[in-house]
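Okay, so chain A shows up in both of these, paired with chain B first and chain C after.
Then we have the complex of A and B:
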């Protein structure tokens, strides 16, 4: 990182560039280069840090505190320590829902990214006007709320719905998409991909357009084909963006709740019970202390997601600027 | 893929192939949306009818006209649209500033604050939904526009995206500016922001849609009909009024229009790089 050294470079005489503001005074940088960056950086992250503190971290700490209590509005709350944690961690259903969440992410994230890479490469080759049309078109699914998408796809998956109608055109037997434990999760993964890949495509496209054409031109002069250009130029240079897509895609996919909630109700036989769906159904269940249980389960889901994503950050390092 | 035939037929072949591909891709993406728009012409239960039917028996405009004339719908659209614009502007400001600091500055405790800012991405909504409600009600924010906007402004996902994007920015330009005596704020405002059109459009659309499509949070914190959000309004077709699918589809189609217009306006910013450096 050349930044560190560059900020230590002696500032030119301030005389030539007078600025009124005291905080950005160049004259002072020569004295305390590191300090200057500290203050600037803290000021820059302050709004985000404070907002997150009030609206995320405080509620989170509060939830953590509540998870140690059996809450009863009539007799008062009783401290139970880690009992709910024990209950959740020994519940097969919780682990099963985690597995379903990971399976769903495994279906949605790689396919979504590959589709986006292909589509963005394709859009890049189009003329300006057609590309504009495609950019709007691929984004349209994202405009529809998940609720509407779930309803749309539920209709399309009906026994005599449009999907089975297409299958009959190519002489395949109809499938009970949402009622077959084997097919239900892949079936809800399709709208999951459909909803997300427009944004992913635009992200990949925006990043791809930043790669100088000269890279591709010289590669083509050297006779590199599409696949070589994709794997040798595009993907390495998209590393920062791909890390983003993988980590956020994973975090969002495991937390999916709307699609199973509306399309399958977690069934058949829990085949689409994602972690958040499981937590939600526990939350609604009439069992005593089911709310505390649900709260604890959601905190544990947070821990699991955090740990997995730390591993992902470690695997794909992108701390450095690509050109170093 | 690349054919080694003589160039002219190859070009024609390629052009028509890409044309066919454009049509196929757009059809497969647009099909469900077209179905939604057309289902808006159907009666209450006609939408659900099997066997599957693409077009309605009779094209009735009544769903569309009655929603378009509904004052509550129009108010929800306007209130949500204004809220979404404020929300998007605020979150771009807050998140891009933090993103720049994390991508480009060295400061004490950077690792700690980075983890702090990125963690919210992994917090399930259920874990903090109830306690967030307690917090905003203690702050006296219930039933205000602020409660819909402020809590979501700082977004780990958006900040992370912008940071990844800023990591790719050429270091040389920044160094040159530093040597010229520019402050970090000036570099951020004059070098980074003008280069951020494409990522801002991508992230901004994401923020806008997150606000527009929010459902659970508005239901929880807003009971004042003056602040009813568009998804709350559309949700009424599913519960209170007993699943009126035709109306829901028509309402959803109309509700998508402002977003599509924004998309048409802003897609042009996602174009070939305008990097001043000419180098990566």
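Then we have the complex of A and C:
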């Protein structure tokens, strides 16, 4: 913070710099100050750039290099060119896993955000004390380990579990939630939503509290009803936050591995084999082929997720927030 | 301002130095000597608790028995084994000795990962291995692993009391798959299901090998690994058997545990169970009250012929890493533990509750004088009626086994018709064969 303040003081405003450019002394001072600012800025970002370089950029570049080889730690790796890219891209299982990942994301992200919007709207209307209690309650699932949630829901979905007990009251039980290809993915999406919607709710609530009340007061004076206020004021002003939640939520959901790993083992009949689970399963095979295949599949997943994220940014245009 | 800049420069430098230090940490090697002794690292995949206790006791005994070699014993959980081993291999720190199952030996040899043991162990050690097991550890005429045990993958366990209560004869267990379906129906009562068997692809991938042999006399790949034979009509009968059992409602549709775990039977949730011989050990250790009520039998055959294979003989070996700098010492330990005094392995089989089977003639002789071993009713039936007809686990890549296991699962759960499931598996297996260039690469013994 101190540095930001000092930078702000040292750096002349842009207009000032333009005005002073014609006078030699002032110009040199401006150039010198700008250079000092640049050095400070580079120094500030240097640790992060170095760490990113060592732990992200270099491994990523090296992975890309290795994907052209059939990796063998003993007899030496063999250059195979684009063979693994061809093998992954022509694999039905890889595309199926991508579809499962997108399907899971489609189940989890929109429902999670809608629930969060509803809950945040409700919490906003509560008194301070009750709202605080609600916020803690809503946040609790976020501090529960995915492993614990998986085990908990696995027991709930058993033939003699609580879910089937409820269904038995209306003669619909038992449903093999985790062993029926039709139900398995929706069944693991429920804990997925439950684990994530606490944080989503708090983020949406914080963004909602930032919307000035005067907007709503003016709208109400003009006779706007709840629906109009929601769609004309709340959602447009939450656009940036919703974009963040959709993009990050989507990327995280497609990469889900814990729930299928613990609850279904990717089954039944690959119905919950998400991309990361598929890659992980390949990696665990003992043969060198699977090792290189898993590496290439993970690089392609990275590309797919990047492209999807870019598409989302394009579709939902992000604007700078308008401060009231 | 200059002071601030120098502070930032200092922080940046410190972070840079720390990151370099962290990077350097990863490049260290394992100490090979300690107190004048050569250190041999031994990774054991975690099995039943008694096995860890037995390994630890014997490693301590080996370390105390001489002053040249110190075995550093480490237990690795099964679910992290692959990741840890690959990370260690990539870093050049793979263990000198590791547990390897029969099915993975061929892949490890093809990758040059394990050492040929013929020059490291005496010939007499290999002469002691039973003839039907020798081929499990031999590739191209060389021994790449020393076998520890075999355990049939599929045996039928049934509750004598429930069978009797259902009006069936406990002394005449089902002989055919059709008999088994009838028994399962009659034994299903209330919350107790008549039968349980694997119902998820990864479990079916390996636990059905014995029944794949039973149905067709071969696995769903040509002998020279050139093409899939998954659409052979005999496999349709196998898939129909699994489908009938699942869709009859006579087996649990949401299993709480995997195939390898016999606790649903131990807890009294099912009257019959298909399980590996290791379940005998589990019942003795965790459900002793169930022992008196339990009988075992060979798993029923497609046509009632008891001499047809119903189980593969899985099991574990010890292998020596090809890059080990202490190969001779590592092999010395393997020889002492698995091929040395027969009393050591006899003690292991006793600790297992005779749920696993010896691979050495001399250990058989040692057990013959043990009254516990000779009087064990489960051991008698499994070793005389299941093991002699057992076959080795396949050496082809796991993707092939998984494709076929998933086909069985798809048929069971009605995802696909039997024919469509087999056709899909056929395409997947051929895809694996093509992409991994498997044709003609089958191991020769």
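The working rule: the second predicted complex is superposed on the first by the 265 of 324 C-alpha atoms of A that agree within 3 Å, B and C clash if a C-alpha of one lies under 4 Å from a C-alpha of the other, contacts with A are read in each partner's own complex, and residues count from 1 in each chain.
Methods note: contacts are C-beta pairs under 8 Å (C-beta built on N, C-alpha and C of every residue); 3 or more make two chains touch, one makes a residue touch a chain.
What you are looking at is a predicted structure, and each value in this text was computed from that prediction instead of being measured.
S.K.: Looking at the overlay, what does A:66 touch: chain B (first), chain C (second), both, or neither?
M.R.: first
S.K.: For A:87 in the superposed arrangement: first (chain B), second (chain C), both or neither?
M.R.: After superposition on chain A, A:87 lies in contact with chain C alone.
S.K.: Please indicate which partner A:51 is in contact with in the superposed arrangement: first for chain B, second for chain C, both, or neither.
M.R.: After superposition on chain A, A:51 lies in contact with both partners, chain B and chain C.
S.K.: Which chain, chain B or chain C, ends up touching more residues of chain A in the combined arrangement?
M.R.: Answer, by number of touched residues of chain A: B.
S.K.: Could you look at A:40 and tell me whether it touches chain B, chain C, both or neither (first, second, both, neither)?
M.R.: Both partners.
S.K.: Examine A:286 and indicate which partner it touches, taking first as chain B and second as chain C; both and neither are also allowed.
M.R.: second
S.K.: Would you sort A:267 into first (chain B), second (chain C), both or neither based on which partner it touches?
M.R.: In the superposed model, A:267 contacts chain C only, not chain B.
S.K.: Report for A:74: first if it touches chain B alone, second if chain C alone, otherwise both or neither.
M.R.: second
S.K.: Regarding the shared-chain residue A:176, is it in contact with chain B (first), chain C (second), both, or neither?
M.R.: second
S.K.: In the overlay, answer first, second, both or neither for which of chain B and chain C A:159 touches.
M.R.: So A:159 meets both chain B and chain C here.
S.K.: Shared contact residues on chain A, chain B side and chain C side combined as an intersection?
M.R.: Touching chain B in the first complex and chain C in the second, residues 2-3, 6, 36, 40, 44, 47, 51, 54-55, 158-160, 283, 291 of chain A appear in both lists.
S.K.: Please output the residues of chain A touching chain B within their complex, sorted ascending.
M.R.: 1-4, 6-7, 9, 11-12, 14, 16-17, 19, 21, 23-24, 26, 34, 36-38, 40-42, 44-45, 47-49, 51-52, 54-60, 62-63, 66, 119, 122, 125-126, 130, 132-149, 151-153, 155-156, 158-162, 165, 194, 198-199, 202-203, 205-207, 209-213, 225-226, 237, 240-241, 243-244, 247-248, 251-252, 255, 257, 275-276, 279-280, 283, 291, 294-295, 298-299, 301-302, 305-306, 309, 318-324
S.K.: Could you pull out which chain A residues touch chain C in their complex?
M.R.: Within the complex, chain A touches chain C at residues 2-3, 6, 10, 36, 39-40, 43-44, 46-47, 50-51, 54-55, 72-75, 87, 91-93, 157-160, 174, 176-181, 265-270, 283-291.
S.K.: Touching residues of chain B toward chain A in the complex: what are they?
M.R.: Touch list, chain B to chain A: 1-2, 18, 21-22, 25-26, 29-30, 32-33, 35-36, 47-48, 50-52, 54, 93-95, 97-98, 100-102, 104-108, 110, 113, 116-117, 119-128, 130-132, 134-136, 139, 150-154, 156-157, 159-161, 164-165, 167-171, 174-175, 178-181, 183-186, 188, 198-199, 201-202, 205-206, 209, 213, 215, 231, 234-235, 245, 248-249, 252, 256, 259-260, 263-264, 267-268, 270-273, 275, 278-280.
S.K.: If you look only at chain C, which of its residues touch chain A in the complex?
M.R.: 1, 4-5, 8-9, 11-12, 15-16, 19, 23, 82-83, 86, 89-90, 92, 94, 104, 107-108, 110-113, 191, 199-202, 252-256, 322-323, 397-399, 406, 409-410, 413, 415, 428, 431, 435-436
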